[in-house]
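Structure provided below as structure tokens; questions to follow.
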Amino acid sequence: MEPFFKKLLAMDRRWIFLALGLAVIFPTFIHLNLPGLKPSPNVTAVYDLIEGMPEGSKVLVSFDFDPASKPELAPQGVAVLRHLFRKKHKVVAMGLWVTGVTMAKDIVTRSAKESNAKYGEDYVYLGWKPGNFAVIENMAGDIHGCFPKDNDGNETASLPLMKGIHKLAEFDLVVSLAAGSPGIDTWIAYGSDKYHFKMTGGTTAVNVGSMAQYVQAGQMVGLIGAMRGAAEYELLIDKRADAAAGMDAISLGHYLIVIFVLLGNIAYFVTRPRKGGA
Amino acid sequence: MGHLKRTVPLWIAFIFGVGLIIQYFVPHPISQKALGMTQKWLVIVVFVALLLGLGSLLQSHLRKIKAQSAGWGYSVVTLSVLALTVAAGFHPNNDKPGGPLLWAYTNAYSPMSSTMFSLLGFFIASAAFRAFRARSLEATLLLCTAVIVMLGQVPLGAYIPGVSNLSAWILGVPLTAAKRALTFGVALGSIATALRIIFGIERSYLGGSE
Amino acid sequence: MIRAVAIVLLATTAAAAQAPADFKVYDKPGDAGGAIIAEWKGLPDEGKPMAEGGVEYVVSLGLSKDGPWTEIERFPGTLHRKNEAPDLFGFSKSNDSEHFIELEGLVPPPGGPWLGTGRSLPTWVKLEVKSPAGAAVAGPLMAEAAPDWWSWNKSNVLLFILFFGGATFWLISKARRDPNIFVRRIPGLDAMEEAIGRATEMGRPILYLNGLNGMDSISTIASVSILGQVSKRVAAYDSQIMVPCYDAVVLSVCQEVMREGYTAAGRPDKYREQDAWFITQEQFSYVASVDGLMIREKPAACLYMGYYYAESLLLAETGGSTGAIQIAGTDSITQLPFFIACCDYTLIGEELYAASAYLSREPLQLGSLRSQDAGKIFIIATLLIGALTAAAGFPFVKHLMATF
Amino acid sequence: MEIFGAWLAVGLTLFMFSFLYKDNPFYKVGENLYVGITIGYFVIQLWYKTWIDKVWDVLKGEAHDRFLVLIPVVIGILLLTRFVPKISWMSRWAFAFVIGYGSGLAIPATLTTSVVIQAQATAKPLITMPDKSEAAAKATEGAKANAEKVAAAPAPAGETTEAKAKREEGVRVARYKYLNARSQSEYSFLTAYKDFTTIVIFVGVFSVLFYFFFSIEHKGPVRVFSRIGILFLMIYFGASYGNTVMGRLSLLYGRILDLKDYSRPMYGCATPVILVLMIAFLAFLHVKNKGKEEEHAA
């Protein structure tokens, strides 16, 4: 055994890179569905809210993040959209962060395609407009005025779905997936506090603490927190996808590091020169 | 001349240093306005200093290109991409959707910075393998807490009895203690250093006396 | 600063209810203006529900003594107690039964700034008490909101600054008289000398990083003065140093400091301005570049001094893979674990600030180092006394350490 | 443009990842391109956000004190004197401004956030004196009654798993509230645990501070304390290292997910194509260099 351990101690670190890389990539192709995940009350609250709305409710989903927070928030978006389309709700998507426009479009189109939702009738992607909170204020007065054209340049007024929606207050629910500000806080301050629509959303691990106050204060219903929250949501809609795979990948990564550390220590004790030995 | 070179800067540091300490205790709008204004000054100084940085950067890359020293082609890459980015920035549509600067941001800047950041995932593993060896009592303690906390983080850790509670306790109690003491130390050290500067004892930033 | 009308005018319009005693209205002290405060003593039964004889307070504002009045707030006797605002009233026990209300940034219905920022119009405040027994009115009283020149409630911070500054001065002047000061060994700093020596033997350069903060950050200032000491030794050993910079101002200061280091070592001819250069001011591209530099130039020693963020591990792990001796020093508490894991020596937190004094061996610097110890003794004593007195039921040390 | 963007993003991502294998031309191109972009971006940001917004627009404006913005411009220009060796000493005035400013700003700010607030949080009584007042006893009684009531409530018929989980959570919360109230009115196990926590934090803070003493020789009791301090530091280092792994692996997973996204045919299978090309090129380089080395050896 000793030569093996000696080799292990002197191992090129690239073997660790390779092992870790494989451990993280593997679950994205083959879902392991490791046990141990349990939906938290905040995530269940979001699920219950969407589940409980009558079919055909109008929901605005705002993608308020940039690619840096994609791993945490994109799976939340996909899971929520899947749920919305499955319940036959009408989805209007948009974003307050200019850096997230293309990414949000990709998420929306993919989820819609998978659920056979039709553009213009079941969902619309409005894109982005400058102005942060001012966008929300404008939308409160007149959505068509604020977004005369959708992201692809179609006349908003010509889209069947948008014919029935003119003001922010006409939405039954607004979902903000936010990596910071503008985001949930902006939607609450300039939107739901004034125009009284229901509000929910999701955020990144670092923001969970500061956003949880809105849930406690009753200004929003539930909150999806980081990748773990997304994985819990996937569990609830019974469609394990990127976030569940992510949790598996991350868990595997942890185990791998722990195993390497343990092996390294065994090797260290086996190979170290013994005191007073023969 | 000596005065201008050595005494004046010491006075400038003293006046701004003491001024800002006093400002902290003065709630009057004039004091708030002065703080806001001087904070903007600092930003503007950084802007002008950028020219200095650009000068140094151009010098070092042009030197390489001129001497055609090893890898000079990469310097050409840096400088031309720099020029392209600046040009894209002055495009009238620069940061609107579809504008060139935003395009470069989404498709080049952002993937590269998140990739560099994600390399940490690999490095945190290899560094743990090399560093976490039970060589001494201290090293063993470090190793054990790291392993317990790692196991406490993953959903499966909940199945190992005691791990998640112990990990939460470590993160809540001894970690807080050490962090607090470190914070005290750092605060005292930085205040002492700041005082040394304001009172002109620490003047190495002024360089030579000539 | 109380420029208030503190005369108590007790109007007794409704005989049945009792008007609160000591109704006062005055400018809020220690603020930027724009706020006034009204305070009064609570009534005996105010804590009870309305039906059982409790009270409701109604605060109204007006621009003249005779109104018209605008109701600002209406609240039961259990709210707005003075003990909610220790920044204004301290921690006295009587605060539990006294009330206050802070009136700020209010605009009366016809428009116009009433209590805007800075100085504002004279404002009349009227307090009505409503209870099942009837109603009573206190006031109206007048006050003007005005900005103030001193925040007395921050005095504890000022005291500490004076104590610490005084201790520093005293210890420095002591050091001037008796320059033999004991300083415990800091292994990381002793190793620096060895690392520079080794670099010379190997004929490879030393890489020195100043961290990712600007020149206005104290950690960068500490790092730059260590660079001064290091470059002195580099010059003496005739070694080579590379200082890739993250910030243009830091770059210029580094050049100045290095030139001085070489001059002090008697080798001004060896100083080359291009040994310090600017890379870029963005976290990860800076790291990408420095990592590449490490792999290509294979420095014999990497010194990381200053403030670092997440990139600490990217730097130290790459440096470690090249076999360099690595010494880090940072006050970035979150990044310390990664330097500890990857570097041969790490200056932990406060040691970074001690480094320049330690290396320079100048009595004045060492004297100020002792003021850091004095600060620690002060903190330890405060905590001990605080814990003991708190256990005995006197929380005054805790109150002394309240920040506003 | 979108497909080209995807190819660029994938290519650059893989270029940066190739550093894990070793330094190679792909990484060098990526690295230099990255530096170029970030400086360019930085120049643009500063130009618009600083020069235009904070200087140019102010100067063009009407404010009577608008010319004050020229002061920092002059300070900045002092820095530029470094390009002229004869008057380069003038740049020190600018250094002094920046450094003095930072020092003055740091002192009160550090004191409040890092010393006073932290000290306040640490100076707790090490042993809790139970609150013997009637109100405290009453609160405990109330919490106890409530906990018993919640625990005794029967499960409704046909309860869903989620509703059951919520109900059980409610029972736990009520019980915890009771234990918490009891720990304040009498010396219970929870009180002892809380005191233990306070004492551990206290000892930890003290011993680590002892470790940092510079002008006292570390022997005798100081040595003992500073040794304990080191142990606390080690626990801190280990725990916060372990605690960071999660975040770093999430980032890595995010990148992998992006690469997987870009493997789809709608992006022209960017990831596998570029990956194969890169591996082929690196293999070619490897063979070529090996050939060279053998030539050298011969």
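Letters A, B, C and D name the chains as they come in the text, with residue numbers starting at 1 for each one.
One rule holds for everything that comes next: a contact is a pair of C-beta atoms (placed from the backbone, for glycine too) under 8 Å apart; a residue touches a chain by one contact, two chains touch by 3 or more.
Bear in mind the structure is a predicted one, so any value in this text is a computation, not a measurement.
Novice: Report which of A-B and B-C is connected by more C-beta pairs in contact.
Specialist: B-C
Novice: For subunit A and subunit C, what's the span in angstrom between their mean Cα positions?
Specialist: Chain centroid spacing, subunit A to subunit C, equals 35 Å.
Novice: In whole angstrom, what separates the CA-based centres of subunit A and subunit B?
Specialist: 28
Novice: Just how far, in Å, is the C-alpha centre of subunit C from the one of subunit B?
Specialist: 18
Novice: Can you give the whole-Å distance between the Cα centres of subunit B and subunit D?
Specialist: Comparing mean C-alpha positions, subunit D is 11 Å from subunit B.
Novice: Counting only residues that touch at least two other chains, what does the list for subunit A look like?
Specialist: Residue numbers touching two or more other chains: 13, 17, 20, 24, 67, 102, 250, 253-254, 257.
Novice: What are the residues of subunit C that contact at least two other chains?
Specialist: 157, 161, 214, 216, 218, 221, 248-249, 252-253, 256, 279-282, 284-285, 288, 336, 338, 340-341, 348-350, 354, 369, 372, 376, 379
Novice: At least two other chains touched by the same residue of subunit B: list those residues.
Specialist: 21, 24-25, 42, 45-46, 49-52, 54, 57, 105-106, 110-114, 116-117, 119-122, 124, 126, 128, 130, 132, 142-143, 146-147, 150, 153, 179, 182-186, 188, 190-191, 193-195, 197, 205-207
Novice: How is the touch graph of the chains shaped: line, ring, star, complete or other?
Specialist: Chain contacts: none of line, ring, star or complete; other.
Novice: Help me check something: in the complex, which residues belonging to subunit B touch subunit D?
Specialist: 4-5, 8-10, 12-21, 23-25, 37-38, 40-52, 54-55, 57, 71, 74-75, 77-86, 88-90, 94, 101, 103-122, 124, 128, 137-139, 141-150, 152-153, 167, 170-188, 190-191, 193-195, 197-198, 205-207
Novice: Can you tell me which positions in subunit B touch subunit C when the two form their complex?
Specialist: 21, 24-30, 32, 42, 45-46, 49-54, 56-57, 59-60, 63, 112-113, 116-117, 119-120, 123-124, 126-128, 130-132, 142, 179, 182-186, 188-197, 199, 201-202, 204-208, 210
Novice: Given the complex with subunit D, which residues does subunit A contribute to the contact?
Specialist: Against subunit D, subunit A makes touches at 14, 17, 20, 24-25, 28, 39, 41, 44, 67, 70-72, 74, 102, 106, 205, 226-227, 242, 246, 249-250, 253-254, 257.
Novice: Show me the residue ranges of subunit B that touch subunit A in the complex, using the header's touch definition.
Specialist: 95-97, 102, 105-106, 110-111, 113-114, 121-122, 124-126, 128-130, 132-135, 143, 146-147, 150-151, 153-159
Novice: Once bound in the complex, which stretches of subunit D touch subunit A?
Specialist: 2, 5, 20-21, 162, 166, 169, 245-247, 249-258, 260-261
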